[in-house]
Each structure stands twice: as structure tokens, then as C-alpha cells.
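Read from first to last, the chains carry the letters A, B and C; within each, the first residue is number 1.
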Amino acid sequence: MRTPVFIFSILSVAFIAAIGCSPAAPPTASEKVLTDSNQSLNEDKWVLQAGDLQSYKGDAQWKVEKHTLRGGKQDGVEIIEVDNGTLQFRVIPTRGMGILDVNLGDVRLGWDSPIKEVVHPKFINLESRGGLGWIEGFNEWMARCGLEYAGHPGKDEFITNTGAKGEMDLTLHGKISNIPASEVIVTVDEKAPHTIRVRGRVDERVFFGPKLELWTEISTKPGSNSFTISDTLTNRGSEPQEFMLIYHANYGSPLLQKGAKLVAAAERVAPFNDHAAKAVSQWDTYAAPKSGFVEEVYQIFPYADKSGRTTIQLQNAKGDRGVSMNWSLKELPYLTQWKNTVAKTDGYVTGLEPGTSFPHNRKWERAKGRVSKLDPDQSRSFSITFGIQTTKTEVDTVAKEIDALRANRKTKVDEKPESDPFPKPE
Amino acid sequence: MRTPVFIFSILSVAFIAAIGCSPAAPPTASEKVLTDSNQSLNEDKWVLQAGDLQSYKGDAQWKVEKHTLRGGKQDGVEIIEVDNGTLQFRVIPTRGMGILDVNLGDVRLGWDSPIKEVVHPKFINLESRGGLGWIEGFNEWMARCGLEYAGHPGKDEFITNTGAKGEMDLTLHGKISNIPASEVIVTVDEKAPHTIRVRGRVDERVFFGPKLELWTEISTKPGSNSFTISDTLTNRGSEPQEFMLIYHANYGSPLLQKGAKLVAAAERVAPFNDHAAKAVSQWDTYAAPKSGFVEEVYQIFPYADKSGRTTIQLQNAKGDRGVSMNWSLKELPYLTQWKNTVAKTDGYVTGLEPGTSFPHNRKWERAKGRVSKLDPDQSRSFSITFGIQTTKTEVDTVAKEIDALRANRKTKVDEKPESDPFPKPE
Amino acid sequence: MRTPVFIFSILSVAFIAAIGCSPAAPPTASEKVLTDSNQSLNEDKWVLQAGDLQSYKGDAQWKVEKHTLRGGKQDGVEIIEVDNGTLQFRVIPTRGMGILDVNLGDVRLGWDSPIKEVVHPKFINLESRGGLGWIEGFNEWMARCGLEYAGHPGKDEFITNTGAKGEMDLTLHGKISNIPASEVIVTVDEKAPHTIRVRGRVDERVFFGPKLELWTEISTKPGSNSFTISDTLTNRGSEPQEFMLIYHANYGSPLLQKGAKLVAAAERVAPFNDHAAKAVSQWDTYAAPKSGFVEEVYQIFPYADKSGRTTIQLQNAKGDRGVSMNWSLKELPYLTQWKNTVAKTDGYVTGLEPGTSFPHNRKWERAKGRVSKLDPDQSRSFSITFGIQTTKTEVDTVAKEIDALRANRKTKVDEKPESDPFPKPE
């Protein structure tokens, strides 16, 4: 921060100058450091409102607020709530800067997980249930999967401290969404459009292992109906480092319903397994909740526009509510569609998951050439822009954009899952 | 609560009306919500005493108090102490509403575990020591075992998220006693006998797995020498769900001593294994502490009275102190007796454990037809009433009741353990 | 404490009399209990300075201070900082009384681990990564390894609660450095030289397993350039108990550098494995940081002086800075040298680790006769004195002492690692 432009509604909140190591620090923004473990700093409560920023003259009554949850398995979990005056979202620094939900009027990005609390990582054992412990805390709209590995549990090789090959049990979707952020900063641009940013650094560091640093950002403009996730991943180790990163965005009722539709310009759709293969012809429509439904997962290879970007949209049955996701395939080439239309009490949900890979076990993904690598000090950025459509006209406009992007190119729908890179001997 | 009848000894404690979802809420009781994660509410400290309840005119100077432990592995563990004027007990919301101990004069329900602190679940790894991590926090008088599984660790099959059969390592006695309560309520009835209730909801929910909700209650009347545990388990998922529930009640010195006796109307007693078989003829008497003693466990199938209830009693050697347990075999058909008369420093203790099953691994119990199932939204209730006897007359009175219940029916004592449902190929 | 001799710089800090159970309580010291889980006591903040002790008339402006870290994975970690007026060290009660670092001018005992936070044990899963979870929190100058086991992960037998043989996965370096202290006491001697002591009790207790109690102490004299670690381990169980204890002292830049030297009177040096064997001839000198370096570990069997003590020294390349370690081989007969001269960002470090064994898996160490045992109530004490040398003269003086200790006795350098006690069938 350069000048003391904020006027606070609470006392004794000191501002701290921007720290250089954050890759995307805007040059003319005021900043509030909410967490910085280097300084042993962590604010329990904090609030900033439109009226507190002298340079802000807009109409949208935006607000950013931090508080800490109490009770049960969520005791001590930190939440940052952002209201841009039009849409609201909640970020969870304690859970790797995951995003609990986004709301705009009657459109909710989020779902009703059977997990009712925002579970503190101290109550999660990722090794539990054969490596499925992750799902005991899974209820966010957007959970990042990674970083050393994402996807299914199972054995994979690694190099131990002695230089020998060891075997380790990978756990579902990795660690990143159960690591608390070490640095959390809220910034509001001094100049119009006064973009609000919640940024957090989540470190996945192991002594003999990855030294991966993820700077996450979610930003929005006051009054806007869209927002952007924009992350930068850096290898802070001295050796090349594999990584996987999947943005596990989850949608439930009311957007998801019988007849809801995924609009995507897909070059190819492939079922994840034989079970999903049976329903592959209906990949882009959703069924009503059904008890005992077994998940159907599809690999989607999207088409891009000339700049390398694609857009997908989930729209409700009536076609008057929707959410769109727009990103670059150079950053996130693969899209996983997870259909989990179980009973509502069990977690009726679909995941639309752009990623650097599909969520197979890392060993499988590596064999398929979909595990990425970062050189020492190399960074890669990932950005997804989300729009919310609240009228039939808005929904149709986005659907037409996707149609234009497709440009009459065909979709190849595979009848069988991709071949197993490790076939069992017969 | 309908009217503000409590007068508080501490400031600023607000009362909150009873919440409808709690199944056993008494209609004319005043209530204090101590924890409710839905409301992000958790009181660190609270106290309510006889003089605070205007409608109470009795002599017994009862008191209910909440506080939070500090230091070591117990830092952050919440305790609710109830003194009904005659007996005292301590409930641990942080450890699944387990009960640390009960005291009435010189009779203690409890034991001297080598674990000296009330360990916070954040320091417990149930997967540790080959699935025996549970015992690193085991020191309660009463720990519930369950809910997805209870009993010995070992492999069992389950259905993974892909619909395929997976194998998971069950951990000793399940998770429920290491899950913090999400909702805790203290109620005191407005009308005589002004029953005091400490109630807590503990959720064992997994996304691809059980959605089990346990409402626990421990209640007592001011001035009484007895109390009741009364729980209701509900399947909140949309599919039938297996469960196991064992009430692991543990008794040490001074009640347990050389010559102490288990008085029970047993139809059949069977040793758990070959080791226990050697001592089966002395199943109902206890030995002095002995270093290196290896646990002896017995399966007891009790007789019931006409209403389906049974009573057991543990009495000291002199027969002038005792504790009785009375429950319905329709709810908890099996009784496990765990003799662990090791040296005092190692945890001289006996467990008397009514359950829906015996504590074999779930796979074994399922093969024997002792794993229960709940349909969606189905509930089952479990209730045990405990009495404390402090004179020879009182002890004898209970022993006679048990004798009457037996009604001259014989006890079959098996010389060998029940057959292994999974015999190894020879 | 006998008399209220402290005057405090903060209000409302009550002193509590010394508790008898602490084995090394000095008779004429003033004491402050910072943590005692028996009393549910834990101070968040506390400070004591030279001026607060009436009987202190010295020049050194010493200070002892406790605070609690905030943010990220370190949230809630307690730190005790001691400044004796000349040197400073930081003790971590939350991590088994490990010592984060020691500083005297430009000499630092410590290293730059890629783990940047002092990680709270609640974020550590020792079972993770095939039993290597320990390294996700490893950044102390001095971490104790043990107590039930230390060394490499891997399977070992143990006796389960049923008396049967079970197999458990040992995890790297055991639990002790991830167990919070249950009792922490600071004492300052009333009489000159007014020794300052930070003492802590760390319990490693399992119901069916070890009941080990470790009283740790780090002490220094105001103005001194040395300090002493002095621990007492007691078996509180009724049966003989194996244990392992290794003092994992870690040194990085600037002391460790290309050309830095380990000065030791070694009777024998043996490589840990074939990889280390290749470089055994240069065991006592250090290389520059190198990305991808694979650790080289050496077993050192030191010579002792007539009283059974040995001294080693790590000196920098110029020979004008050094640290010395002096201890009794009767207490800690084995010295492990861990060379991990990887790139600076990956953790350029050497470990000099006196222990009751080498850090092989316990099964290996037991087969080699290096696993110790304690009878019931038996105690063993371990003490290491550290000196810091800040001039060439001081460094040379210590090096000459080591040379005198050697007394022209030779060093046998093995070309091959010790034989595997469990050779695989060919």
C-alpha cells in the first residue's frame, strides 16, 4: 500500500506494504494482509466496505469480510466473504483457498454435499478408506486437486531420500485442498473498475519431494456478474518437478436438474470406464436425482477458438439460468465431466473440471503423457473466467458463442474408454 | 426455551430456542445451545446452577458447567461437567460425546488409563500402528465404538465411488469417538423431577459412504444415584446403511479388584479366542493386577426379562460397592466382557460392552449375521440405565433382581471360541 | 518456587510451586510453569528478563519469552525464545521440545529447510508417503528421533492387544518430535551463575504399547557461549520397553559450506549403503551445494576419553567458526553423519546425530544389538553440551582437544556397508 486510503470500520487494523514475492500484485492497489506466516500474522476478523475506499465512487455496495467458523469439525476454519454488490462468494483459506460457493440472485454455484461442515484439515486423514479420506471434507463449489498428484488413489513410484525407488500410496486428489494458505492478501484497485482480489499462497512442500508454490487469486469487479480464478504455480525446488492440477468445480441444485445441459464445443468425448460407456450417448444432458446412481465420468477434449480458448456452459432445463466457464486450452487442455446424479441427500452434483490432466491415478496419466513438469523456478499460470446467466437471453447468447467457437466441427464420441496403459497379463 | 427462566452467573450468555431437528427434545424444558456448527456457534465457558432455574425448588444443589482443557494433547478439548447434587459426570463433546468418568462418593465409574490426557482427535491417527491408533486416545469410562464399523482392525470390502469393489483397512472401533459433536444442547426440565440432559449430535458422514447421525443423550435427576444414556441413530443417506454400535464402558480401581464379580444372567458365555478359552470357567470373577496379563474377552448372550430387558452388575470383592447396567436386548442383544487385569500402570480395567454386535472385525461379524442395517431415514434408539450402589444392601438388592431375571435358567459356558467364518485352507 | 522473587513486566501472571515429579528440578531455582496439562494450564504469552530476578546482579541482559505462532501450518505452535545475553535459542514445545535454531553473532546452528513454517503436528500425517510424513515438518536445528522407534520406515513385528504377533509400519524417526509437551517449566537459579533452564515433559504413551516419559532440558548460563541438552527417559509401564533415541542436530549455511570439516576422533567409519561407500574416503569434508545430490550417510564409532566422553566439531572452510558437541558414549554410543549437500533451495544440510543406535529401521538395529531397553520405572539420562567458536583461536583450541582425545589412535574406514542382517534369498 502506498497511501492510507482505507478508512476502517473496526479499530487497530494495521496495513502492511505489499510483499514483492507475490507474482501478480497490482501496482496501484491498496492491500490488506490477512495472513502471513512469515510475520506470524493472522487476522481473525476483518471487514472492508465500499465506503472505506476513498477513491471509490461507484454505485455497487461491495464488501469483503473475514471471519472464523466455530463448532464441530469446522472449528477454526477461516472464511473470506466477498460481495461485489451483485454476486457473493466465499473463499476458504484454511482449505487451500478453495471456494465454498458463489451466489447471484437465485443462481448458486455450489451443491448440497452430505458433508455439512467446512471441515478443518486437522480432521482429515487423506490415507483413510484406502486413500479416499479426501471425500470426508468435500463440499466446496471449487476444490483444486493436486499438486504433486491429483486423481485416483493407488500406488505409484517415487524416489526416496536414499535415492532408491520407493512406492507410495497416492491419495485421492492430492493434498492442496487440505493445506491452509500461508499468505492471504485482499487488494482493491485504487482506480476504476476497482477490481477486488482475494489472493493466497498455498505451499505444497516436502523435504525430499516437491517444493511447489501456488499463488491463487479470485477477482471480480464491483457490480459485475462474472469473476476470474487466476493462479500461478512455481517450482521452488532445484530439480524438475512433476505436477497435476485439476479445477474441480461442482454444481448441484437448482442449476443441475433433470434436463439440465452441458453446452460444450467438444472435439472428442470418451467414457472413463465401461460403466460410463453405456451412457456416453447422453453425455451432455443430465438426469434427475436417483438413489444408487453410480458416477459416470467423461473425458472431454474441447475445441478452441483462434486464441486457444474454449467456453463451456451448464444451463438449467428451462434454459433461463446458466454458468459459463472460459479458459485457455494451452493452460488446461483437458476437461473432465463428472456426473453424480445420486439422490439429493447423497450429493446430487456434476463436476466440470478443466485440468492439466484427467483424474486417473498419476501413474496412468503419466503413461498417457498428461503429467506436466516444471523446471526449477519455472512458473505456469492458469486462469478461468466464470459468468453467470440469469435470463434466457443471456443463456442463449453464451450458447451461441460456443456454437460459433465450434464452427461446425464435429464431436467424436468414443464407445469405449481409452485403453489401459498397464494391461494385466491374461 | 419459551421463557427466560434462567438467571446466569456469567454475563452475556444468550439463550437460543430449541431446534426442531433434535429427536428427543423435551417439550417443557429450558435449553442452552452450547455448540451448533450450523450457526457457527461454540461457547468456551458456561455454567448453570440450581439457583439459576426459577422453577426449581428442590434440595439437590446441581450444577452444569462447560470449560475447555489446555496443555499437551488435550489443548482445545471441551468438557461438560454435570453434578446432580449426588453424582458427577464429565462429557467430552470433542470426543464424540464420550463420558470421561462418573463419581458418586467413593465409587468411580472410570479407570486409570496409561493415557493421562483427554486427547484431542487432531492428535489421533486411527490408521497408526496397523489400525490401532484409537488406543492412543483411549481413557474414557464410556467410549462409543462405531458407527460404520466397530471392533478389530483388518481388511473389509466396500463399494468405491466408481461402483467397483474396493478393499479398505478398517481401524479399531471406528471413528465415532474421535469426531467432535456438531451440536450440543443442555436442557433442564421446567417441571419436577427437573431432569438434566446433555445432548449432542455426532455426524459420521462420508461423501461416498455412510451418512449416519447419532444423537446422544446422558440424563439424570437432581439428587439421584442413577443416570441414563439414550441415543438415537439415523441413516440420513438415501440407501440402506450398515452400522455397528458398541458401548465400551470401562471400570478400573477401586471397583475392579481381586475378587470383584460380574453378576449377569447369561444364557451363554463363549471365549473370544483360544487364549480366553483357557480361563473361561472363571469368566465372572476378576483377578488382581498382573504385569504382562494378556486380555481375556468373552461373548455373553444375556437372558432378558419379559419386557426384553437385562441387568448386569459389577460389584467389588466385599460386595458393598457396585454399578449396574440395565438395557433392552432388543436394542443391544450382545454383551462383551473384556478382562484386561494388567498392572495398574498399564491400565487395569474391565470393559462391559453392550452392543449391536461383538467387537470382531466387521467382516467376521457380518458373516455371523450381527451387522445391523438402517433403511434411509430409519432410526434406531439405544438406552442404558446405570445405577450406583454404595452399601451392601443396595448391592444385594440389585444382585437379587438379576437372580430373579435369571429365574433358574442355566448358563452354557463354551469351552471353545465360535468358529471362524473364514477358515484358512489347510 | 519458594519465594515470590520475580517481578513481572506483564500483569496477572501467577507463579506455581515446583512439582515433585520432575526429575532434575534444581533446589534453589525460581520456576514458572508455562504448561501443565494436569492443571489444564497453558500460558499463551509470557516474558521474564534479567531485571525481573532480584537476586541477579550480572551484566548479561538475558530474557526468556513465550509466544504463539500464527498463520498457515504453524498456527498455534508455541515457541520459547531464550537470549542469555550472548546466544539465543528457540524451543518448540508443540514439536516435542525440539530446538528451532541457536544463534551467536554470525554463527547459526540451524539450516534452511524447504519447509518454511514450524509445522503444527495436527498437519502432519506420519504414515503419509510410505511412512515418510515426518519430513513434511522437518526444519529444526535439533529434532529428537524416537522413542518407541527411530530411523527408517518399514515393517516390524509387535505384540497386539490380543497377545498375538502383529506387524506394524514403522514411520520415519518415530513420533516424539510431533508430540506436544504436556508440561513446560522455565527455571532460573537464584544463585550465580543463575543457570536458565527450559524443561519439558513429552509423553509417548500408547494403551497397548510404550509408556515412555521424556523430560527434556536445555540450559545455559547468562553470557555464556555454550549450552547443554540434558534429557531423562523413563519407562512408566510395568514391562520392559525397547526404545531408540537419536539427536538429529542439523547444520546448514553459513557454517556448512564447501570445505567445511567434521573433526572427530573416530575409531571406525562405515558407509550406510553402497552409494555412501563410493565417497567414504572424503567422509570428513563437505562439498558445495549441488542439485540432485543423493544423501551420503556414515556410521561413526567415536573414541572416548578416560571418562567415556567424546567431542566432535563442525568447522567452516576458513576454520574461524565452529560448533562443538561433547557427550558420553556410555549414554549415546553411536554417531550418524548425514551429508545432504543438495542445492540450497532443497535443504543444504548435514546432520550430526549422536544416538543410542543408528537410524536403520528398528528391525535392523535390533538384529545388530543396538536397540536399548528400559526396565519398569528405570530411567536413562542423555546429555550433550554444545559450544560455539567464533574465532580461529577458539576453533583450533577445540580441534586440539579432539586431537588429544584421539591420542594417535587410528580410524578404520570401511569400504563396504555393514552386512544386512536379513539377507534376501538368492
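The rule is simple: a contact is a pair of C-beta atoms (placed from the backbone, for glycine too) under 8 Å apart; a residue touches a chain by one contact, two chains touch by 3 or more.
Keep in mind that this is a model prediction, so the values were computed, not measured.
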Using only the C-alpha atoms, find the rotation that maps chain A onto chain B and quote its angle between 0 and 180 degrees, to the nearest 5.
120
Please decide if copies chain A and chain C contact each other with the same set of residue positions, more than half shared, or with different positions, and reply same or different.
different
If you average the CA atoms of chain A and of chain C, how many Å lie between those two points?
41
If you look at chain B, which of its residues touch at least two other chains?
122, 125, 127
Residues of chain C defined as touching chain A within the complex
67, 69-75, 113-117, 122-123, 125, 127-130, 132, 135-136, 138, 273, 275, 291-292, 294-295, 342-347
For the complex, give me every residue of chain C touching chain B.
35-42, 121-122, 125-127, 158, 160-163, 166-169, 179-183, 203, 205-209, 211, 236-239, 376
